[in-house]
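Look at the two complexes coming up: subunit A is in both, with subunit B in one and subunit C in the other.
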Partner chain A sequence: MGYEILVRPERCISCYACEVACAREHGGISNVRVYPPGIPIFCRQCQGATCAEVCYPGALERRDGEVLLHAEKCTGCELCLLACPFGAIKLEGKRAYKCDLCSHRREEGLLPACVLTCPAGAMNFSCVADFSSRKRKIAGLSWAMGHERRGK
Partner chain B sequence: MEVIPTICPYCGAGCPVGLKIVNGKAVGIEYLSEHLLTHGSLCPKGNAVLELLYHPNRLRTPMVREKNGWKEISWDKALDIASERLLEIREKYGADALGFLSSAKATNEENYLFQKMARLLGTNNVDHCARLCHAPSVVGLRKALGSGTMTNPIPDLVNSRCIFILGSNFAENHPIVSRWVLEAREHGAYIIVADPRYTPTAQLANLYLPLRPGTNIALLNGMMAVILREGLANYQFIAQRTKGFEALKSSLENFSVEKAAEITGLNPADILLAARTYARSEASAIVYCMGITQHATGTDNVLACANLALMCGHLGRPGTGLFPLRGQNNVQGASDMGALADVLPGYVSIEDEERRRVLARLWGREDLPQRPGLTVVEMMEAALEGQIKAMFIMGENPVVSDPCAGDTVKALEKLEFLVVQDLFMTETAQMADLVLPVACWAEKSGSYTSTERRVQWSEKAVEPEGVLSDLEIIGLVGKKIGLWDNVPSPEEVLREINVAIPAYGGITPERLKATAEGLFWPCPDPSHPGTPILYHENFLTPDGKASFYPVAHRPPREEPGPEFPFTLTTGRVIVHYNSGAISRNIPSLSRYAPELWVEINPHDAEKLGLTEGEIVSVSSPRGEVKARVRVNERVIPGLIFLPFHFPGVNFLTLKELDPEARIPAFKVSACRLEKGGT
Partner chain C sequence: MKAIEVNREKCIGCRACSTICSPLLITLTDDGHRRVIAFPPSCEEDCDRCLRACPTRAIAFGEKPGVSAILEFELAFCDRCGKPFATKEELAYVLSRISSIVGEEPEWKNLCPECRGKESALGLLKLL
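What follows is the complex of A and B.
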């Protein structure tokens, strides 16, 4: 099963580290947006990628578990922005931008910047099965401890 | 390409940042994921460090003020002016007419040499901003436990079963702490957050306690009353390792959870739950920050925290302890180095003649000045009264960070000579006679001590352009004055520190450079592994026992009234840093919060007819500032919040000092809001 960036919103502290890191790694444009309290929004690399389906010049392509963006083919038509259910694609200067899972870093054997930088450990580079197994364990423990939330 | 490990120049957590160097220029950063504290992670400020390194507004040439403005001068000339003017003023008015503000952002070596310069010039008037953040921790915890520092490392929080957080918003100010608190929560720990404002940290809590500002002691005493009444105290620990318990017990006899609830405004059941959970857990930790210290009762607040931990025996083991989170990358180190008006390096009291003379001999003198010096706020008052005639300010921005800052401006105007060393033309530098541009963290080597007592080496990654390091400037000024013959290297100064401060005895440059994790002081000799957890067997007091100091709630001096009906509290936000001198200049940070805002509860906003986004005037009996309204329920009715990163906020705050630690009561003042302006 492929690795992807999986978020644990209950850990996000809305610190914007991922945004600042992403912008630095991508020439000043961040492909992730954080919405307080605690939801970083970015490309989910969908299996049935509607953005790739509507992209008539073929700039967006679903391959090897990722949605690749071939910027040189992008016409700036914005159809992908309309198609994306998460609003995770944006247009800057007549071309589309989206999360590329830090392909330039992975070529060097490094993890995506947002995953490494997240102080709260809310961004995970993991496969879904491992991720959900870990969540089950935490949920079980929390239940067993009987902790409830009080106050606000 | 080479990756050089450095220590982040922002908060006190001490996160490592790798700088990618190509042809002598930093082209990127890398996350050092081997580090046990951070696993490589960095907050937004850490991610934006390169914008600081190559900022176009950085000062590059020394400047002297002349009749028609600033004039650029050579380094030689600038250092001549600094040394000659300091000597002239000392000659004319005596050494105590000089005031020195050291810097919690400079290295251990720079702080050590800076206070040495002040003391060799004949005055103990050397202090720094630790006075404005954690002086009560230094005073209170030293009294109670023997050392004014964090007891356990941050990652040790994962071993806690209950984490009680008071007046700390670490999710914004020390984001890496969140990682370990969340990790603990996932291992079943119970998280309690007490804060008048519903901060991002409060969002992490199992139990949130929105207490009224300035009522921490009532909450803590209420909890202790519950613990005593229900027999939940650790009587074995109290008997074996503490003294003064009877006095504490009798001081709490007439206090109850109901009284605590009345004073704090909390639900009594929540106080009961907090007390029982903290006391019963096998390992409980207390994390606190400036919500505890920045009060006229700051020292008492700290003592109350210590009382609670001692009563339950939650000290000296993994997952327990007290965690005062310190704000600047080297505020712990600057304090350890004796850049404080009342203590010499290693917290040796100035009144301790024997040890003072030992240090004097190390510095080639018979004795050192014997009278304790003036603290940050007292120095400004003395300047205003004309007793201090010259000030040497290294990397501090008191015009923004001092309480009642209008007085600070007047005080600095009265000086005959003011020299400021800084990266930028700060609000304080603009008032100087001489401005000396300095190297930033990446352009110099040296050691920093994090809030955890973790001492780490930061390597020079790039060559500075046009600027000198703080150490070189102090070294050269001292040499021109005739205090020493050579300008020492960071390694040479650290070797002197190894001799001067016993707790740093084994923290040699060689060892620091060889370890990626740093060393925890006390580390008395080169074979000592360092001490991550304090008080395992003994407290650092003369008899090895900790002491209880009973304290009682005192209401804040300034409470809201008809004229100023709101309580003002101040604090920090994620994208900014302290006086904002750096962060307001960093585009990828300041774009999130470019201007001052005020948070107000929707009920109050409706009463005053204020709407989101409009400009409002906030005033206290001392001053006024304009801010943009943010209406939200983070603050309770009657409370407003201002982030103190912007000029003007501290024109409103109170100058009332804690009687022991001399910290100003920043956190509570009365104010009013008026519609006004565009």
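What follows is the complex of A and C.
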């Protein structure tokens, strides 16, 4: 466990391929949204999950580093939408939708659809330690080569 | 005849009862600056979905067929885009529940979900 979708926004080219891939996997509803100038926003599986805190029927639950959505328990009250600091949950029809890290794909050993699809490598499925060590490596190399901006 | 009795003091005007009501007797309409939730004068005998779905336990059942209850709520407007997005009671309820995690006055509290996404995108951009 401990794997999550981590974004390198400097790589995003605003092609919206992640939105399309997500919608394809989730019955036409995309749980990721690319906001200008090119930052994908989706559920961050927060440690202190405010959505799970307000969800009184227990449809949202944080377990094993993920915020799980049990759709059958959702009443569609919209309280989780109002509790999410990132606007990452949406209400469609009678229930809430949010990123589930493509649990159905991971069961088959596949990557989340957005990560697999992103042509620019902006979406990464990794653990925080690996991600940050790679990021530090890139920044260090870049600095050593005399570039001013980090993380590119 | 079974009738719904709503406690106006407890009701926060969320969408739970109107969404879960399968015979569609409870209706919710957002109209400009207010939200109107209308409860029917009588309803199905063997159904208690709304009672179970209500987050604040504002719903009870009475025996006498009442008049249809109509509750009005003032909507809160988004600070960024100016659109109404939730009732004021809902926002206050949610904030009171999550204040132990995000503090009393999170800066995004008066933003609609859409604008919260935009703001967090801009916040990420500043880190680049």
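The rule is simple: the second predicted complex is superposed on the first by the 146 of 152 C-alpha atoms of A that agree within 3 Å, B and C clash if a C-alpha of one lies under 4 Å from a C-alpha of the other, contacts with A are read in each partner's own complex, and residues count from 1 in each chain.
Here is the rule we go by: a residue touches a chain if its C-beta (ideal position, glycine included) is under 8 Å from a C-beta of that chain, and two chains touch if they have at least 3 such contacts.
None of these values were measured; they are calculated from a predicted model.
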{"item": "Partner chain in contact with A:G76 - subunit B first, subunit C second, else both or neither", "value": "second"}
{"item": "Which superposed partner A:P37 touches (first subunit B, second subunit C, both, neither)", "value": "both"}
{"item": "First (subunit B), second (subunit C), both or neither touched by A:G58", "value": "neither"}
{"item": "First, second, both or neither for A:I138, with subunit B first and subunit C second", "value": "first"}
{"item": "Partner chain in contact with A:K90 - subunit B first, subunit C second, else both or neither", "value": "second"}
{"item": "First, second, both or neither for A:G2, with subunit B first and subunit C second", "value": "neither"}
{"item": "Subunit B versus subunit C as contact partner of A:I13, first or second or both or neither", "value": "first"}
{"item": "On subunit A, the residue positions that both subunit B and subunit C contact, one per complex", "value": "36-37, 151"}
{"item": "In the complex with subunit B, residue positions of subunit A that touch it", "value": "11, 13-17, 19-21, 23-24, 36-38, 110-111, 113, 116-121, 138, 141-142, 144-145, 147-152"}
{"item": "Complex interface listing, subunit C residues touching subunit A", "value": "14-16, 19-20, 53, 55, 86, 90-91, 93-94, 97-98, 101-102, 106, 108, 111-118, 120-122, 124-125, 128"}
{"item": "Residues of subunit B touching subunit A in the complex", "value": "28-31, 33, 38-44, 46-48, 50, 171-172, 175-176, 178-179, 182-183, 186-188, 190, 193, 198, 200-210, 270, 273, 574-575, 588-589, 592, 633"}
{"item": "In the complex, subunit A residues that touch subunit C", "value": "7, 9-10, 33, 35-37, 39, 41, 48, 50, 53-54, 56-57, 75-79, 81-91, 94, 151"}
